[in-house]
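Please find the structures below.
Look at the two complexes coming up: chain A is in both, with chain B in one and chain C in the other.
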Partner chain A sequence: MLACASPAFAAEVSVEVRTQSGAPVRDAVVSLYPGGRPAPLPAGRRSYEIAQRNIQFSPFVQVVPVGSIVAFPNFDAVRHHVYSFSAAKRFELKLYAKEQNRTVLFDRPGAVPLGCNIHDNMSAFIKVTDTAFSAKTDANGRVSFAGVPPGMTVARVWHPYLRAPGNEVELRWTFGAGRAAEQVRVALRPPPPRAAAY
Partner chain B sequence: MFRAIRTRLAVLYAGLFAVALGLVALTLYFVVHATVERQVRSELVASATVFDRLWKARSHELGNAAAVLSRDFGFRAAVATGDRRTAESALDNLRARLGIDVAFIVGVDGKVTGLADPKLSGDAARLWPALDQGETRGVATLGGVPRQLVAAPVMAPALTGWVVFASNLDQRQMHALENLSAIPIEASVLPASRVEDPAVRGGAPGRVTTPEGPAVALARPLPSLGGGEGAVLLLRYPVARAMAAYLPLQLAMALTGLVGLILLIAASWRLSLTITRPISALDEAARRMEQGETVAVAVATDDEIGRLARSFNAMAAGIAERERRISQLAFNDSLTGLPNRAFFRRHLDIELAQAAHRRRTLVLLSLDLDNFKAVNDTLGHPTGDALLCAVGARLKAGVGEALVARLGGDEFTIVAAAEAADAGRMAQRLLAALSEPVEVDGQVLDVAASIGVAIAPQDGADSDTLLKNADLALYQAKEAGRGTYRFFEARMNAEAQARRTLETDLRRALAAGELELHYQPLIALGTGRIASFEALLRWNHPTRGLVSPLEFIPVAEETGLIVPIGEWVVQEACRAARAWPEEVRVAVNVSSVQFRRGGLGATILQALAASGLEPRRLEVEITESLFLETSDTTLATLHSLREMGVKIALDDFGTGYSSLSYLQSFPFDKIKIDRSFVERLDGGPGAGAIVQAIIALAAALGMETTAEGIETEAQRAAVQRLGCTLGQGFLFSRPVHAAAALALLGAGQRESRAA
Partner chain C sequence: MVSGMFARPFLWLLMLLAPAAARAAEPALPAGFSAVGELRIAGADGEPSWTDGGFGKLRAGGGADGDFRLKPRLTEGELIWQPRFGWALSGTIVAGAQRGQEHAVDLIEAFATWKPMPLGDTRLSVRAGLMWPPVSLEHQGAAWTVADMITPSAANSWIGEEVKVMGAEATVSRGTVSATAAIFGFNDTAGTLLAFRGWALHDLKATAFGHQRLPPLNAFLAGGVQAPATLPSVELDDRPGFYGKLAWRPAPAVALEAFYYDNRANPEAVSPALQWGWRTRFVDLGVRVQLAEHTRLLAQAMTGSTRMGYDEGYGIWVHTRFRAAYARLSQDAGRTTLSGRIDLFGTTDRGSETGPQESEEGWAATGAAAYRLSPHVQLLVEALRVDSRRGARLRLGLDPRQVQNQFQAALRLSI
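Here is the complex of A and B:
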């Protein structure tokens, strides 16, 4: 929960993301834009961390506000070469060893796929968001927001494998005061082959 | 159609061989065909398997290339960052290095980059959904050409697109496949829609028709990428090409068959010739034998045909021998050995034809012995036969080249190609030869003959006429006093013609009632009363009027008509006499022929019985000539008649060969003195003396006498004075009708009574 603005009348919104077949979708990032505008982010820099452990990134999806610094600690005995060619942030952390820490500033909103040039199986995503109401679903495909201003809200649902341009769909909801529950159905691609079974 | 046996045999054998050969060839063809097709089918299946492996190997190769590129960090960086030039150059670099036909990148957003041929971009863009579904291999149609495609995702690190490598499924590729096959198949990859033949859609080899002829084909669907129109691998093997390997075998088979057929035809022709040549020879020989030739066939072998030929020869020899004997019997006279009538007729026909052809004359002599019958009758038939043989031999010796034939009895005939002048000399020579006495069985016989000569063509151009005319001439020679010869003259023919007409008419006359009896009375000179009537035959010819008996009686005698006529005369005379007074008798003339032909006694008996006339009232008048050829049966008949009471009179006594011995040989009841003596009674004493002597002789023998032909009162007085008991002649009455005779009786008897 990035933002906890508490205006006089606020709504508590619960969103559930499921596949077409009804399976809960985890790691889907839901971002709300009340009135179509991003909810202002709290001031100050925040730090986040994506660890490299057991030749895998952790977590798989990390939501960060614009201007956040993300650290990439390596807990493995091997070296990693983390990179991203994304539009939101292009970087390359060339071969660094265990216990070496590298940080990267993410100053533009967007999805940043992460890879390791040495280990193709390693995959993770950083969702850089510009609105305060932005969070990822849990294992049950649920995410909740408190203090959402009533009225029309633009909702964007992103998932690394979502079958849509930019892996994202946009919805419009209208909330009143009090609780609201929304359900989103999305189509997912199968995860890309990891083991290079070409 | 095939009438000759040898043709039939040859055709039969050749036909059987051809059928057998045809069956073998057919079987061979089908076996070869089935084998080839089976082989082709299994080869196609094997080729399809090979193609699968090639396909996989190619896929693998392409996949490896794509994977190498898609994982290249620099490439990924270029793709992810939109560094299009770098990405394209890297793509192009690898494409060239690995010899890949087409390479391009499909972005995760569906954009196609790196395509060398912009025309393909549309087809390439359409691959996106399939790629997005995770398909990476298969056939897709790019630019209308099916190509083998392999895609590899570009993870940068998320999926940013796909590297797609395409390999053309062109002739080059197909040739590689074709070269791997054991048989020269034709391989091609076609859009599925172009393979429509249901025979191959099942996945198993099947028969298809191609522009080059029938082929065995196998269609193998290829995995498709993007779900578009599928592609099919079509393996084909033309049957003709498959069969081509067996063409030498088939040719050899055909050649062998042809040579075999020719040999067989030649052999069966030869064989059938050996069978049919002797049969043909037999056939020909039989035909010649049919035409009358004497034949024999050569016996060449000892088999059935040889035996047949031997039997045939034996049969032909037998037939020839029998024919010779039959013709000898048929054409030779068994007594003299001379040619007989049948042979003579044939010979004469031939000679006449040749003479006419050469414009030469032909002489025909008809010869008859004089008095041969007397020899036969007095000396017996064996002597007669021996005489005939001797005469035959003399004639044969006398004529040289000419033909002598015996026609029957004592009739001989000679045919010679000679002139009329020679004919006379020949006849004279023959007569002279025959005039020499002949010694037969120790007896010396005098022989004489008469000869008639006819000369062709003037006396007859055909054998019938010539022979008839020679006979007429012979008849004339006989008439002329025997021992001589006569040439035929046309006059003879006319006479003969008249006689024939007369004969025909006479046959009719009896039935037509043209004959009638006239009666001339015989007057008892002592009383002047009618003692009897002589029945005289008259012929009232419808056109010629009355015909003289002198004219028709000889004809009736010759033809035998005298028998029925004589029968009628006796019956008619007896019937007429019944109407007369009891003391008046009736006399009928009987010819020697009637005796000879027999049955006279029975005829008279029948006539007497039928009329009821007493036998004593019937007189039978015979002439001396009867005794010239008299026989025991004639005398017996006369005796039996006389015993019955019938009177027997000797007519015309004193003329011809009259002999007093006749008077002794039979007890006549009456002698009729010939009219010639009566006529001469007026002339002088000589005739009177003879008549007186006859009357005296008759009286001495107890016979009555009748003077014939009394025409004058002086004659009547003379014969009466000489002692003749009866008179006949015009002085008393001409012959009259039966009714007139009856009237005469009434008048005459009254007159005499009155006298």
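Here is the complex of A and C:
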């Protein structure tokens, strides 16, 4: 979670994301827009990391606020050639083995799929968010937010394999002061089949 | 009956080695090198394997009277070197030792790959050298290993043993569509084994310099016309062949492929060593569907023809039409992957030396379990039954129908 603003009668909101058949969905990014507007991002941590380890990105999904710097350390003994052609950020990075100082600034909100030009099976996503209430679900499909202002909130749930336009669904919730628990059911596509490595 | 005095101790050795191998410290090779090795035990009934000069359709064969015989197959392995020359250019060189090959160690693949950074949504990759065309949906990795099974389908067994080219291939991908085109040489004999032996199911791969044995030929062909073994990587007529492929992913979990191959070999070309040009053409359709997160379906269907020799007024000497299809379902359950596959295959002969009476029909059913002991060690067990009828066997006084069962267990190590 990115921030905990604490207005007087704030809500503590827990969200559970599950598939239609009830299985928990991890790595779903839940973003709350109190009153339909982004909650101002706090001044604070603005540097994140996506590691390359065992010929895979880690983590698979990283949530970062707009304006963040993401480092791409390479812990493998082989080179990686990381790139994205997303609308939110286009970049390419040449990472020599064990080189740890390459960073990229993410200055527009949106989803940024990552690939490696050398290893086709490497895949990860950066979700660049413009609201302070934004975080991803854990292995149990749960995420929680403290200090959410009461009233109507627009909630967006994004997942790389979510079966919806832009891989995102939008909901409207109304919170009072105190605790609130919401459950979201989403339809996921099966992950893309592994490419044959010719 | 289980014979082979080393079989049972070997099985115990396999069981003892498996956990030890899984616990072994992180193995390491110099950067750019990797290796795949297998300890295997194989048992089969029925006729001796085609690799021993018979009509047996599997890699293992039965005992002298066709009874079940279990045999250790100690070491098989491949060493892979993938050097990088800059960010876009790399090489893949694979040398392997496989039991049943002419040379103890032989070159298997050697090609360069050029893959520049994608231009937006469009990406290009180029390969050049000795390589398999991208037909098989079952094989993976630089060592071209069958994923989660031991024996590939009949269709891809043939690709592995005879369809390897020396060529240059370019693939352009954009969005969900990709197109591949290639020109090649050094595959003029493709079809020899398929026409003379028929289909087979095995994981023996063609090598750069090794011959593959043919079954007994008729008196005319054996009498100084066709060599008793075929060399897959040979150029006889200096006529390049070509292949092309279209792949489309209509949905994230569905991949469709269409492939066409024509080696454009001159069927009258012959080398002093009696290797002939075989004009081989085929089309292959493939589909891969991720049915659920842990369930996937693979299927391919192939049909084509191969022709060799002269037409002396009764049709060309050998003209074989061939077809094969399989469907394979795989289910992951934790560290285990269970797979089942059904193969259908057949040939229709209409040559003057190999007429309709030599044709073949058959099917095979294969079940396999693969258990991942560690990221580097996989234990595989596989059972296979193949039932076929091949007219050419009558010439040798054999029953045209042949049924074989094979059991294999393997410890697959990759570093």
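As a working rule, the second predicted complex is superposed on the first by the 191 of 198 C-alpha atoms of A that agree within 3 Å, B and C clash if a C-alpha of one lies under 4 Å from a C-alpha of the other, contacts with A are read in each partner's own complex, and residues count from 1 in each chain.
Here is the rule we go by: contacts are C-beta pairs under 8 Å (C-beta built on N, C-alpha and C of every residue); 3 or more make two chains touch, one makes a residue touch a chain.
Only a predicted model underlies this, so the values are computations on that prediction, with no experimental measurement involved.
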Joint occupancy of chain A by chain B and chain C, clash or fit: clash
Which superposed partner A:F125 touches (first chain B, second chain C, both, neither): first
Contacts of A:A77 with chain B and chain C, given as first, second, both or neither: second
Partner chain in contact with A:R189 - chain B first, chain C second, else both or neither: both
Partner chain(s) touched by A:F85 [first = chain B, second = chain C, both, neither]: both
Contacts of A:K94 with chain B and chain C, given as first, second, both or neither: second
Contacts of A:S144 with chain B and chain C, given as first, second, both or neither: neither
Partner chain(s) touched by A:S14 [first = chain B, second = chain C, both, neither]: neither
Contacts of A:P113 with chain B and chain C, given as first, second, both or neither: first
Overlap of chain C and chain B interfaces on chain A (superposed complexes): 83, 85, 117, 189-190, 192-193, 196, 198
Of all residues in chain B, those that touch chain A in their complex: 63-64, 66-67, 71, 73, 76-77, 80-81, 109, 132, 134, 136, 152-153, 155-160
Residue ranges of chain A in contact with chain B within the complex: 83-86, 90, 113-117, 120, 122-123, 125, 160, 163, 165, 189-190, 192-193, 196, 198
Of chain C, residues touching chain A in the complex: 31, 84, 87-88, 90, 115, 117-118, 120-121, 127, 131-132, 134, 136-137, 139-142, 249, 251-253, 255, 288-293, 296, 375
Chain A residues touching chain C - in the complex, by the definition given at the top: 54, 77-79, 81, 83, 85, 92, 94, 97, 117-118, 161, 189-194, 196-198
